[in-house]
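Across the two complexes that follow, subunit A remains constant while its partner is subunit B and subsequently subunit C.
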Partner chain A sequence: MFIIGELINGMYANIGRAIKEKNKAIVQKCALEQVNSGADALDVNCGPASHNPLSDIQWLIETIQEVTDKPLALDSSKIEVIESGLKVIKNKPIINSTTADSQKLEKLIPLAKKYQAKLIGLTISSKGIPQNKDQRLELAALIIAACIDHDFSVEDLYLDPIVLPVNVAQAQMKDILESIKEFKIISEPCPKTIVGLSNVSQGTNTRSLINRTFLVMAIANGLDAAILDPLDSELIDAAITADLILNKQIYCNSYLQAYRKK
Partner chain B sequence: MFIIGELINGMYANIGRAIKEKNKAIVQKCALEQVNSGADALDVNCGPASHNPLSDIQWLIETIQEVTDKPLALDSSKIEVIESGLKVIKNKPIINSTTADSQKLEKLIPLAKKYQAKLIGLTISSKGIPQNKDQRLELAALIIAACIDHDFSVEDLYLDPIVLPVNVAQAQMKDILESIKEFKIISEPCPKTIVGLSNVSQGTNTRSLINRTFLVMAIANGLDAAILDPLDSELIDAAITADLILNKQIYCNSYLQAYRKK
Partner chain C sequence: MELMFEKWAGAVSVLNIGATKEEGGTRAKTIQIGGEKTLPFLFAEGALPHKPVIAFEIWDVPPQDWPGEKDVLSWAEICAKDYGAELLCLRLQGSHPDFGNKSAADQAKLVVQLLKKVSLPLVILGCGDDTKDNLVLPACCEAARGERCLIGSATQDSYKTLTAAVLADGHNIIAESPIDINIAKQLNILISDMGLALERIAVNPTIGALGYGLEYAYSIMERARLAGLSGDKTLACPFICFVGQEAWRAKEAKEAGIEQGILWEAITATALIQAGADLLVMRHPKAIEKVKKYIGGLFRS
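Coming up: the complex of A and B.
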């Protein structure tokens, strides 16, 4: 499992304040804590309150790059914010994200190619959130077709089925899980799959339990990556153990520690 | 998830001693603890040290039936022990288990019909433990064919893929999980699926974590039932939450408590 830490996001009070006050220490502490807890990459989002997102994202990236060389996922719904971030990023970046709308695909896929970035594709469009598996697969096929048209490697595409909260869309959960498996058979070579995990437990009383249970079910369906809170050690333990069961890392008695030190 | 509690087994010291001393209180306490923790049925096994298994299993069943009317799974590799237990059982019993060997199928399927029992079929034979998914499916097909030959409802058959310890058969885990899904497509109506869970973590240092992670992955693959330790509350929480995500019970904020009170 490729783990992308979600905590550097201006919507969280500490990071929002750090961006406002240009307090590097807070951001760098948050970056290192996530990396030391098992994050393979870090999501970077200025948050909704940023007045200068084009410069704020550059400040965040440069601040993080002072303490870690992990890949960064540039998280914005605005193409110009992503492009601004790409200009200062050092390692192979991740674009988070495009939708299945052609005006986004036509701009973000060429950007991903130019910067040799991985691309997260949300199976959502301006028509709204998909309501079933077929709609998810249709949007996935649109995104994959656009990648092929632009000669962008589908193996660098991470398709996201859009995880909804279990307490409002319980009947859709099975479809979301099955979409993860079926995205893989749309094309050869196959795309990778990703979820933004935390949304699944929004508004519930047992967030960590629902998060880790859904994540393990998604891994059983072939999930490749997740954006999540790596400081939730029970969540990371569950992800490592699911990978162990799928034979993705070798068993040893101290496999949890071995994985974190990898 | 249909949960069968595994703790009434003579191989455990407290139950072994209780059988020897005919101490009803210990057995009844163990039965009620499991039921109160969420067990839908109870496994009953005299254990390897029993000198009089034909009478010991009857004593266990009668002792348990004094305090609960949950279904009981008669657990023995000896047909005559299962038959002895069937004679005194009150509710619809579960036979645990037949293998895919014809001499067992030819005796146990008629017994299951006679006593209106559910039947657990292990995908194993006298030739040994299956080494891959194809061998599991072949043995499953043999068991299903025998059920059809005897006009025994396949819906009352629980196929077990034989769960091996992750630390000795790590490369087989994926096949075992996929077998659970594929057993369902061998016949229409489809059989049910079951695992003896605890074996997956034998000899490891993180038994509860491995047990609950494997169980959630198996539920994601369509598992119907498991024989497990219902006193492991984190395990039961995980099973309930996986069922919730698959929309098998309605969400409410206190869904964990609601499920246990069902």
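Coming up: the complex of A and C.
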């Protein structure tokens, strides 16, 4: 499981304040805590309140790069913000994200190629959120086709089926899980899969349990990566154990510790 | 036809045995093992920077069930001068309560004498009695301080004393597990938790000779190597295999004439080399000669 830590986001009060006051220590502490808890990469998002996201994302990236060389996922719906971040990135970049809309694909795929970045593709378009598995697969195929057209390696593409809150779209959960499995059979070599996990438990009062259960089910369906809260140690333990059961790592009594050591 | 190559995320760690004068020891040279970036001998797929190395096994007391020299120091010299050994493996069998019960001080003195007599890097083994080894091996570690020996063996039930001694005196350790990959991994974690880097561990997976579980040992080594190459650092240590000890226990080796015994040892060794063995501890000079030739052939092409 490739774990992308979600906590560097201006939406959270501490990070929002750190961006405003240019307080490096808060951001760096948050970065290291996530890495030490098992994050393989860190998501970087200035948040909706940022007045100057073009420079804020650069400040965040430069601040984080001082303390870790883990890959960074540049998280913005605005192409200019992602491009601004790519200009200063030294760690391996992940673009988070493109939708299936052609105006975004046409700009972000060449950017991903130019900066040798991985690309997260959301199976969503300007027409709205997909309502079933078929719509998700159709959008996934569109994104894959665009990657092939631009000669961008499909193995560097992470498709996101769009996870909806279980209390809003309970009927779609099974479709979302099945999409994770079926994205893999659209092309050869196959794309990777990713979810933004925390959304599944939005508005519920058992968030950690729902996150954990959904993640294990998604891993069982072949999920490669997730954006999540790595400080939730029971969540990470569950992910490591799911990998173990799928024979992706070798058992020993200290397997949880061994995974975190890697 | 297009050949498909595997891209591995990890590599086997490199273990240095023996320290030269520049490195704080007195050895003539340093032996490096490990470092593989792919499965055995897929040269087109990844680097295999170090050839498998053979250590000549010598005992501090004359062995009872296989022929050896009476005096370990002249035995060591014969290996070095007559057979061109690169590495010696000293088994301190005489420490065992049933084989002479030599004291820690005597064994430490012997190690010092041996280091003076030959300039080859050393592997030093205990007698297999944990209580005694935990007295003798720390004394030998101290006596050989700075020589960067490979010392064994740590087991899941007895690793703390040896790990502490190896750490204090700058040596490497052999981690032994009973043909069990889960225990091999666990033991490496336990040892590294004490502060000894994973790069200073050689794994003894325990092997069986031809006809005595060789295939099982092979499958365990292959599985560990696959995990190591896939990025599991806790299983990315080089392997040490005690070939001589196992091969000469086989009745086919003991009872049908010396030539068959030599073949038994050589064939067990070559099969384990194909499983990924990095260091082979062997006994018969003729078997060693055959296996050296085999290794030369593998690396010629």
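In the analysis below, the second predicted complex is superposed on the first by the 262 of 262 C-alpha atoms of A that agree within 3 Å, B and C clash if a C-alpha of one lies under 4 Å from a C-alpha of the other, contacts with A are read in each partner's own complex, and residues count from 1 in each chain.
As a convention for this text, contacts are C-beta pairs under 8 Å (C-beta built on N, C-alpha and C of every residue); 3 or more make two chains touch, one makes a residue touch a chain.
Note that the coordinates shown come from a computational prediction; the quantities given were computed from them, not determined experimentally.
Comparing subunit C and subunit B on the residues of subunit A they touch gives the larger count to B. Looking at the shared chain after the overlay, A:72 reaches neither subunit B nor subunit C.
Once chain A of one complex is fitted onto chain A of the other, the partner contacts of A:227 are absent, as it touches neither subunit B nor subunit C.
In the superposition on chain A, A:204 makes contact with subunit B only, while subunit C stays out of contact range.
Once the two complexes are overlaid on the shared chain, A:261 sits against subunit C while remaining clear of subunit B. In the superposition on chain A, contact is made by A:237 with subunit B only, not with subunit C.
In the superposition on chain A, A:166 contacts subunit B only, with no contact to subunit C. In the superposition on chain A, A:251 contacts both subunit B and subunit C.
Overlap of the subunit B and subunit C interfaces on subunit A: residues 250-251, 253-254. Remark: subunit A residues 249-254, 257-258, 261-262 touch subunit C in the complex. Residues 166-167, 170-171, 173-174, 177, 200, 204-206, 209-210, 213-214, 216-217, 219-221, 237-238, 241-242, 244-247, 250-251, 253-256 of subunit B are the ones touching subunit A in the complex. Partner subunit A is touched in their complex by these residues of subunit C: 181-183, 185-186, 189-190, 192, 223-224, 227, 231-235.
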